[in-house]
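Presented sequentially are two complexes of subunit A, the first with subunit B as partner and the second with subunit C.
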Partner chain A sequence: MSAVIAELNALVLGLFIITTIAMTVARQIGACMQLFIVQSLLLAASAFLLGASPVSWHLIALGCVTLASKVVVIPWVIRALVPGEVHQRRELSQTIDVPAALLISLGLTLIGYAFALHLMRSAPSLSPGNLAMGIAGLLVGLFLLAVRIEAVPQLLGILAMENGAFLAGIAVAPDFPLIAELAIAFDVPLLAFIVALLARTAYRRMGTTEVGGLSALRERVH
Partner chain B sequence: MAQSIALNLAQIAFVLLLSPLFAGILARCKELVQSKRGPSIFQPYRDLRKLFSKDERVPAGSTWIFRTAPYVIFIVPLTITLLIPVLTNFPLFMAFAGDMLAAGFIFAVSGLFFTLAAIDGENTYGAMGASRTRMVGFLAEPVIIIALFTVSFVANSTIPYIVQQHWVHPIANFFAPSHILLLIAFFMIILAETGKIPVDNPSGHFELAMVDESKALEFSGRSAALVKYGGYMKFTVLAVIFLNVLTTPWGLASSGSPAAVLLAAIAVSLKIVALVLAVVVVESTYAKLRLFRIAEFLGAAFVVSVTAMVTDLLHL
Partner chain C sequence: MILLIPLFPLAAALWCAVPRSNRAAPFVTFAASVVTLGLSLAALGAVRAVSEIVVVRNWIALDALAGLLLVLIALVYATAALFSWGYLSDEEHGRRVRLYHANFNLFAFSMLCIPLLSEIGLVWIFVELTTLLSVLLVSYALNAEALEAAWKYMVLTLLGATIAVLGILLLFWALHITGSTDFTWDGLRAAAPRMPYPLLGAAFALILVGYGAKVGFVPLHTWLPDAHSQAPSPVCAMLSGIETSAVLYVILRLRNVFASDAHLHVGTWFVTAGLVSVIVAALLILQTHDYKRLFAFSTVEHMGIMLTAAGFLTPIGDVAVLWQLVAHAVSKSFCFYAAGATLLATGTREIAGVRGLLGTSRVAAGAMLLGGLAIGGAPGFAAFLSELAIFKAGLLAHMYLAIGLLAIFIVVAFFGLLRHITHMVGGDPESRRRRLPAPCLWALGIGAIPVVLLGVWLPRGLGDTLLSAARVLGA
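Our next item is the complex of A and B:
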């Protein structure tokens, strides 16, 4: 890997973690989704950069699969299925206020970094940065899942975790079999499809997609 | 040494003479974006001349702080000019007298005096603006500290003349994530510290919504001129630190000959105008944040600066 490519990849990683953190504090579903698209683009960019020299077709194919499934198909599925009013709503409910969420995300990033440092000592990988930022992305995605109440941001949280896992994965196992990647490429849009349908039904029935409030079952009293 | 001192004086002259022009260009471009004609780009000079020739009034109960503060506010950016590379890329007479941290501390002195003077001026809005500016200042402080940590990690120094050389030798350093993220965080800090949208609206005339402007309400005549002038120069000095030290250390004079210095002055002016245009874009596309959202804006800057440090610590 040449020095400039390494630095560019590192820059992509930095932006990746920033978009992930921004997803936890974005105030509109539309903004959250755009951030997710940017995050997926950055994941693809990292795969392309790592696959450029020496040329690794696995990584380039992974980048293409990411572009197709996460930049095009998933946002389209969500936009098509979830009613427009949900996207336009401002001021999403959040269980933690924004500065606190920012600080916790930062803490998770540092934990991911420390964790990756341990891992790297036992097994050197292609790009240590990818491993660290991938684990951090995984943790922040999990946190995003926990702080959001609405269905769509929660779905985006799962997808962000998945992006983080991929980012770590391309550093640890660059020659991952392509069939597994293709399986994931079909699996994840299906997941998006199901959750979007769920959100659509929930919105029709209750006028909200705050599935976080559905923890208790309630019988209808006649 | 004589040449070094002469160049230092040239740098001061540059900041002193051109700062109002950059403010004028900023104001004019903002008006142009809004499809208005706007004042001439030389309007700040006329404002200053008018204010300097006017009589001065001070509030009856105010103390010496109110009278000294304008001079402190005026002198501080000029002092910092001595420490940073404005026109040359080789160290000048005062280069090693202080580093970027020192520049931050010296700016804090002017901030302190401005705050005290605003409270001293017995105007309710002044005290309110003072407390708000302090709030922004406290929130900006950790970002500045982390940013300087990152600089010292990366370049092994916080002397601006040394830091400046680091980013472009070799050129791969320029694309280092810590560098790019640092720039984003520093740009956000410039917006916050010089009272620009989205933190503060510099052209607002509604006292209740003011953050930075209301501190200067009680100043008149020469004091008002000095405070205004100090504000213009603060922006120029921060822009010079951002451009010449952190972003684009190109176009500076590498010898002390008058021709090279003149060329550098033109190049640096062009760079500052480019930054001014970037600020115009930000100011025209964003709305002012609600007061308690400012914490989120600066929180975002903090996240960016910490990410810059973390990606550097990874030694990628």
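Our next item is the complex of A and C:
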């Protein structure tokens, strides 16, 4: 990999983790979706950069599938199925305030970095930064999932985690047989479709998409 | 022939998706499931003769262990399809039932593909698909409780799948370093001793946690009683009876990859995680108020028992695990048919709300008693024999503390189950006598046959298959 590509990739990785952290503090659901689209674009950019020299058709295919699935299809599915009013709403019930969320995300990024360093001691990787930022992205996505109760941000938390896993994956397993392409091409749009369908049903039946806050099914103790 | 097996449920799903097939959908689903069961049995018979059938090298293959799981999935699919026929017809006719059957067949398709695949990445995709294709079945009732259960099920199991995929990517990285490219069960086991310890350790932790969330190990089990109680009963039979086992199968097949490095203490982790699940589930069984949740907690307990026994890392332990897997699949699916019959007869899931079930529906009461005794592990049932085999394996492996705890909490769970069930069956009837739909009666009758027979008679073919399958696990 040439020095220019490596530096460009480092820039992409930096933007990737900043975007992921921004998702945890974005209150408006529409803004959270825009940030997810940017995060997916950055994952595709990293795949194109790593696949450019030497040429890896696996990585280029992964970049193309990511663009088609996560930048085009998923936002379209969610906008088509989830009522428009939901996208404009500010999620005020987020359980942690902005400074605390930023601090926790920063801590998770450092943990991801330390974990990646530990793994890289035993084996070389195509791009060490991808592994570190990928694991950090997965952990911050997990945090996003934990603090949100609205359906769409929770879905975006899962997808952000998956973007993190695949950002790490393209550095350590660039010729991984088909799984990433197939998963992104079929599983992820299906997931978005089902989540959007559930969110729409919840909105119609209960007047809310705050599905993460439902708690009627707890075990009762007399 | 093997490739045809998942194609029948897929074809049935396409048929049911076509408008105007409302009335035919239950029959088409049942017919597809019967053909699938026949083909699966034939495939298992063929595998026993040659030890492994490779359809597409490194992608699709069937051995005795995969064949055993395939037959169990097909068996539960067939009885659940029959039960669905009667269970849904009383509620409503029309488009929703047709779409239920289309989704039900797709769910069966995704599960049937798991044992047929030998490429680990594809197996992960199909494990994720089992969740995606069953979420809308869990939310079928479309009330607040069902939507909450479906949401929790989806979020927690997909969270697990995302954690597991990082573990799988690390495993592929570790394989790559050894110079091998066979990302299959056998390829991984052959290369495992040469894999770097930090990668293997991280992959083990991520995969156990990720797939463990889908199996329902404590503390990642919280979605399981919700989903397994809110879904329609035949779907619960599929989820509890076989879906959890199908994911446990993936963990079992990867066990020896990780056990190749003694520093990982795989056996100790399995025993510890398994015992925690058994203990917590047994205590939850005592205090639950919903009879479908009762059986769901029993699934957490059984998954824990199997993980504990798999942690013994001995051949006899593996035979016992697989025997327990068979006993659990047939008994737990039957328990959910009994629960479905009780719900049809009484209209409530509350244990306290059901009294005198014997007077309301003799069939539901009899099925509840039979299912409770079978899944609790009463003498004369398959789970009793498999649990005895697990105790024996534990004693031979000198795991005295684990066996002691296992014995205590299996007994606690047994009495917890029976206390609730006898409360429901006895007393004066609170609702008038109701007759169950004929397909439900047939499903209960057919489902009861293996529950009763396997406790007193182990067919030679099944015994041989268990031994061959345990050899595939190769502790």
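Going forward, the second predicted complex is superposed on the first by the 210 of 222 C-alpha atoms of A that agree within 3 Å, B and C clash if a C-alpha of one lies under 4 Å from a C-alpha of the other, contacts with A are read in each partner's own complex, and residues count from 1 in each chain.
Basically, a contact is a pair of C-beta atoms (placed from the backbone, for glycine too) under 8 Å apart; a residue touches a chain by one contact, two chains touch by 3 or more.
It should be emphasised that the depicted structure is a prediction, and the values quoted were computed from it without experimental measurement.
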Looking at the combined model built on subunit A, do subunit B and subunit C fit side by side or clash? fit
Have a look at where A:Tyr113 lands relative to subunit B and subunit C in the superposition and call it first, second, both or neither. first
Touched subunit A residues, subunit B compared with subunit C: C
Quick one: smallest Cα-Cα gap between subunit B and subunit C in the superposed arrangement, Å? 19
Residues of subunit C that touch subunit A when the two form their complex: 119, 121-122, 124-125, 128-129, 132, 135-136, 139, 142-145, 147-152, 154-155, 158-159, 162-163, 165-166, 168-170, 172-174, 176-177, 183, 196-199, 202, 225-226, 229-230, 284, 287-289, 293
Quick check: in the complex, which residue numbers of subunit A touch subunit B? 3-4, 6-15, 17-18, 21-22, 25, 98-99, 102-103, 105-106, 109-110, 113, 127-129, 132-133
For the complex, give me every residue of subunit A touching subunit C. 115, 118-119, 121-123, 125, 135, 138, 141-142, 145, 151, 154, 158, 161-162, 165, 168-169, 172-173, 175-179, 182-183, 186-187, 190-191, 194-195, 197-198, 201-202, 205-206, 211-212, 214-217, 219-221
Any idea which subunit B residues touch subunit A in the complex? 170-173, 175-178, 180-181, 295-296, 299-300, 302-304, 306-308, 310-311, 313-314, 316
